[in-house]
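In what follows, structures are represented as structure tokens.
Shared between the two complexes below is chain A, which has chain B as its partner in the first and chain C in the second.
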Partner chain A sequence: MFALILPAFLVVAALLVGPMVLLARISLNQYSPTQLMIEATTAQNYLNAVSDPYYRGVMGTTLLMAFACTALTLALGFPAAYRLARMESRWKSLVTVMTLIPLLVGNVVRAAGWLGLLGNDGFINASLRGLGLISQPLQLIYTPGAVAVGTIAVVLPYMILTLSSVIESIPRAVEEAAANLGASALTVFRRVVWPLALPGTVAGCVLVFILCMNTYATAVLLGGSQFKMMAPAVYDQFSRGMNWPFGAALAFILLAATLLLTVLGTALLGRRYAR
Partner chain B sequence: MSVASLSSAATAPAAAGPGLSVRLGRLAVSAALVLAYAIVFAPIVMVIVTSFFDQEIVTFPPEGLTWRWYLNAWAQRDFARGFLTSLQIALAATAIGVPLGTAAALALVRGNIPGRGIISTFLLAPLAVPAIVAGSALYMFYLRAEDWLDLDIKATLGGLVAANVLITIPWTVRLVTASLSGLDRAAEEAAANLGARPLTVFRRITLPMLRPGIVAAALFSFVASFENLELNLLLVGPGRTTLPVAMLSYLEFRMDPTLAAVATAQILMVTILMLVTDRFVKLSRIV
Partner chain C sequence: MITRRSLVAGTAALGLAGTLPARAQSSSIVVGTWGGDYGALLQQNIDVPLMKPQGIEVSQDIANQDPRRTKLIAERTSRRSSMDVACINDIDSYMLSQLGVLETVPVAEVPRLSQVVDVFRKPHSIPHIYSALVVLYNPSKVTTPPTRYADIFDPKYKGRVGLSDILWNFNMAGANIGAGGTPTDFTKGKAALMDLKALQPKVYPSNETLAAALKSEEVWISLMWLARGFMWKQAGIPVEMAIPEEGALPILFEAGVPKNSRAKDGAFKYLNAMLDPQAQVAFARKMGYVPTVKDAKLPEDLAKQISLTEAQQAKLRPLDYATMQAQQGAFSDFWNKEFKA
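Presenting the complex of A and B:
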């Protein structure tokens, strides 16, 4: 049986674990403008990243964006997932496929769509001008708001699919019993649906949070030149800055922050669930 | 029953259909559904619509409608070659990753393997590590390996396919595991009891039952690899670029109907693949 697992195991070990160890080692090296990299064992790259106000700002933007998008996605995704989970089966499979397609369409394609919608001559500005509501175009594109909307559109299908499969497993009878016993719709939600769906909510939020922390295409294309998130910052260090040790340190800071917050969030929400 | 719930039952309108709070709740839930799907689909619809605009710069309203951007897109070497490169990479990575992932998933679900949870987490790890981080690590790894082996790896087909197998293996493990866990073992046991050899049981019983899972895995693996941007971003090079990377570099300068045509072609491909797969496997039951 191990022989069946071994090939896949070796591929992941060789192409993920090995390179990650190498990247960790590189993050301890020293940058040299002339030689690119000098072998060393120093935490200087991490210290530089943490102490530099610019990168602190980038991290702050990333965290804020990830938290805000996760919260909004949950707020919008939960009712949508509930509705999907409680649909008749014929409609349900149609809507599920409809949810899967955008998930597979790719972030670059969707960013292109937002550029057409939010641009200065884009659909929204042109419509508002056509209606005589504005004379000057609103600055919609290249704003943090554009990145947030673009990101939410990317992660919503993940949230809806994760949540709806959990909500589906909650028997309708439980809700009906609560309602028959006099609970209002809000109480049924608060005391029955929400607690029972909490494991799915945690799973969905963790998944979405990770995706938001690592937003690349949406941030680059919709955020404009002043807007910077961590994933593009990592890329810049490798491609343009050629400062590999610093880029590696940034990559691990991003990874560590994501892991730490997801573990923390799961533990906190999980404890509430246990109680 | 508590007094509080009794009293709220008393205040609820009796026998007049659902109460106001219930109806408002349903309305809010339906509104959220509509809003959610509007946000998800708005950019996709937008891309499709602008690909038919008869002008170079996307402005509203359009001056006319045309098909010519599709021809123009194919005439642009970056897009045509990017498309073919992405196609090659995704096909090869699927052909390698699906058998490896299926074998592993089979052993994980049906074998009595100690540390099963850890192994499965390990095999799914490539999906959990941020693609840009994994891509940077692979980039460094490839450069180091090129030094040692005196061989081109970065921006070669082999290097890109290897990287994309990191996408196809975890997707396959995830989907095949999910489809296997729902299957009853009784049929296999019955066949074995009736004297079928293990290989026959596998070929005649297990494999046919696995087929939906494998089809879904192959589809997802292909599409996930085809549309991947971040993992490949640092691994491509001049002369060999994937379609998403080519689109990203184009979009950093302008958004026009040519790009929209390329994007629409991709949307069409994904949609057709999904609908075809859905005929074989009910996707709503697997994902």
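Presenting the complex of A and C:
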């Protein structure tokens, strides 16, 4: 059995765990502008990150954005996933593939598309101006709203596909039985579909939440230079500030926050489901 | 099915592949460069006409300045660098040479160095092209032409100052000159930028997005390379360029060879070709950057638009590279956490 997982284990160990250990080591080093970093074992980078109001703000923005995008994605994705799961037409596989189409385009290319749509000279502003509804362009790009829209467009297929596979596994007869016993559509959803789909919902939300917490390209391209989330802040420290130890500490703080919230969320919702 | 025998054979083959050279020495090189016009001009004026006849194939590794510098530093202890020639700006060239990333350029292998303007010569890199930071403005909105960097601080341009985020350290240096600071002390420049912040300047993620904002007249005044201003004006963007009276900040775009390049012969030939007068004139025609070699002669009308006069050249205000390196982290923090936040 062990031999079966060995290749995958080795690949993950070499390509993920190895660099992570190296990054963890770097995060304990001391920053030096002339030597890049000085070997040390200090928690100062972590303390600096936690005590700095700027990075607390960046983390707050990241968490707010991740929670809001996950909630909105769930609200948008659930009805679509339900419809997809209950579809019996021959078009079902085509619709499934169409759900996947946004994933065929890279985040950067997709963000470029949003720029064309939301920019000051973009399609929306040009149309509104053409119709005489506005004289000055609406500020649609470089706003948190643009980042939310762009992020949701990235993660929605993950949510829909995760949810639809779970909903598909709920026998339709269970819903029909509830309806036969006089339950309204809303009650069927609240008392039957939702509880039974909860494990899939948790899985979908966890997946989407992790992706949202680590948003990079969408945050940079649609949020503009004054909007900051954690992943671009990590990149800035490595690439612009050349402060690798601090960048590594920020990366681990982001990782820890994502992991903690994911585990907590799964545990809390899992317990609710168990009841 | 994977048998133990086939797995062992496969592993042995992988090990063997690792010992083979990835590419023949000096017959092909990788040039780390910017994309867009810069990369295309390298291809048209150096890679094809000057390197190919020498039997050297060139491929480009396209990225922005910051990731390229980071990559070079990350790879400095590797057996081989992923690029053989790295195109870099002058701040990074200093930092990379201080960190021991760049090889010393051998004069014997780069004979064109003899034609380089003396003030631009450096031990670990060759100067490719240069320009200066100027005040860029929309002449129909900014009716009194600016004369100094400090003109961007004028309250009458509230909400109309646009800056490019990728030029963050050069913007800081320009603002510092405008505020009367010195190359080693940015206190005045930082204070002036904080005052400017109250006037709601707009910071755009790239030069291209700033160009779009200048075109749509969302912003009217900016700090930018004279060369970029020339290009944008050619492209129909309503801008004029004002060279600051107090002296302009020069920018040099350079190229160096990482110490762990496996094709140094070809790489130094490439540096030599970058100093070719015709190739440099081509960059000037298309991108507005001024040649760094004495024997590259620009047509008079072009020279007038993109070059500085002798008096302006005498007043150039170069950066103090040691300060820029020592303060890189602190300046980046100021820009992100105080000015932009």
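Heads up, the rule we're going with is that the second predicted complex is superposed on the first by the 267 of 275 C-alpha atoms of A that agree within 3 Å, B and C clash if a C-alpha of one lies under 4 Å from a C-alpha of the other, contacts with A are read in each partner's own complex, and residues count from 1 in each chain.
Everything that follows uses one rule, which is that contacts are C-beta pairs under 8 Å (C-beta built on N, C-alpha and C of every residue); 3 or more make two chains touch, one makes a residue touch a chain.
Predicted model, so just to flag it, every value in this text is computed and none were measured.
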For this session: Specify the outcome, clash or fit, for chain B and chain C once both structures are aligned onto chain A.
Result: clash
Exercise. Which of the two, chain B or chain C, is in touch with more residues of chain A?
Worked result: B
Problem set entry | Partner chain(s) touched by A:Tyr82 [first = chain B, second = chain C, both, neither] | first
Exercise. Thinking of the overlay built on chain A, is A:Val234 touched by chain B (first), by chain C (second), by both, or by neither?
Worked result: first
For this session: Mind working out whether A:Leu221 is in touch with chain B, chain C, both or neither, as first, second, both or neither?
Result: both
For this session: For A:Asp121, select first, second, both or neither according to whether it touches chain B, chain C, the two together, or no partner.
Result: both
Seminar exercise, completed: Footprint intersection on chain A (chain B / chain C) at 119, 121, 220-221, 238-239
Problem set entry | chain B to chain A touching residues, read off their complex | 1, 5-6, 8-10, 12, 19, 21-22, 24-26, 28-30, 32-33, 35-37, 39-47, 49-50, 57-61, 100-101, 103-104, 106-108, 111-113, 119, 122-123, 125-126, 128-134, 136-141, 144, 162-163, 165-166, 169-170, 173, 220, 223-224, 227, 229-230, 233-234, 244, 247-248, 251-252, 255, 259-260, 263, 266-267, 270-271, 274-275, 278, 282-284, 287
Exercise. Residues of chain A touching chain C in their complex?
Worked result: 31, 33-36, 52, 54, 57, 119-121, 137, 220-221, 224-226, 228, 236, 238-243, 246
Problem set entry | Footprint of chain B on chain A - complex, ascending | 1-2, 4-5, 7-9, 11-12, 15-16, 18-20, 22-23, 26, 76-80, 82-84, 92-93, 96-102, 104-117, 119, 121-123, 126-127, 130, 149-150, 152-153, 156-157, 160-161, 179, 181-187, 189, 210, 213-214, 216-217, 220-221, 231, 234-235, 238-239, 244, 247-248, 251-252, 254-255, 258
Problem set entry | Complex contacts: residues of chain C adjacent to chain A | 66-67, 69-70, 73, 95, 98-99, 165, 168, 203-205, 212-213, 216, 218, 325-329, 332-333, 336-337, 340-341
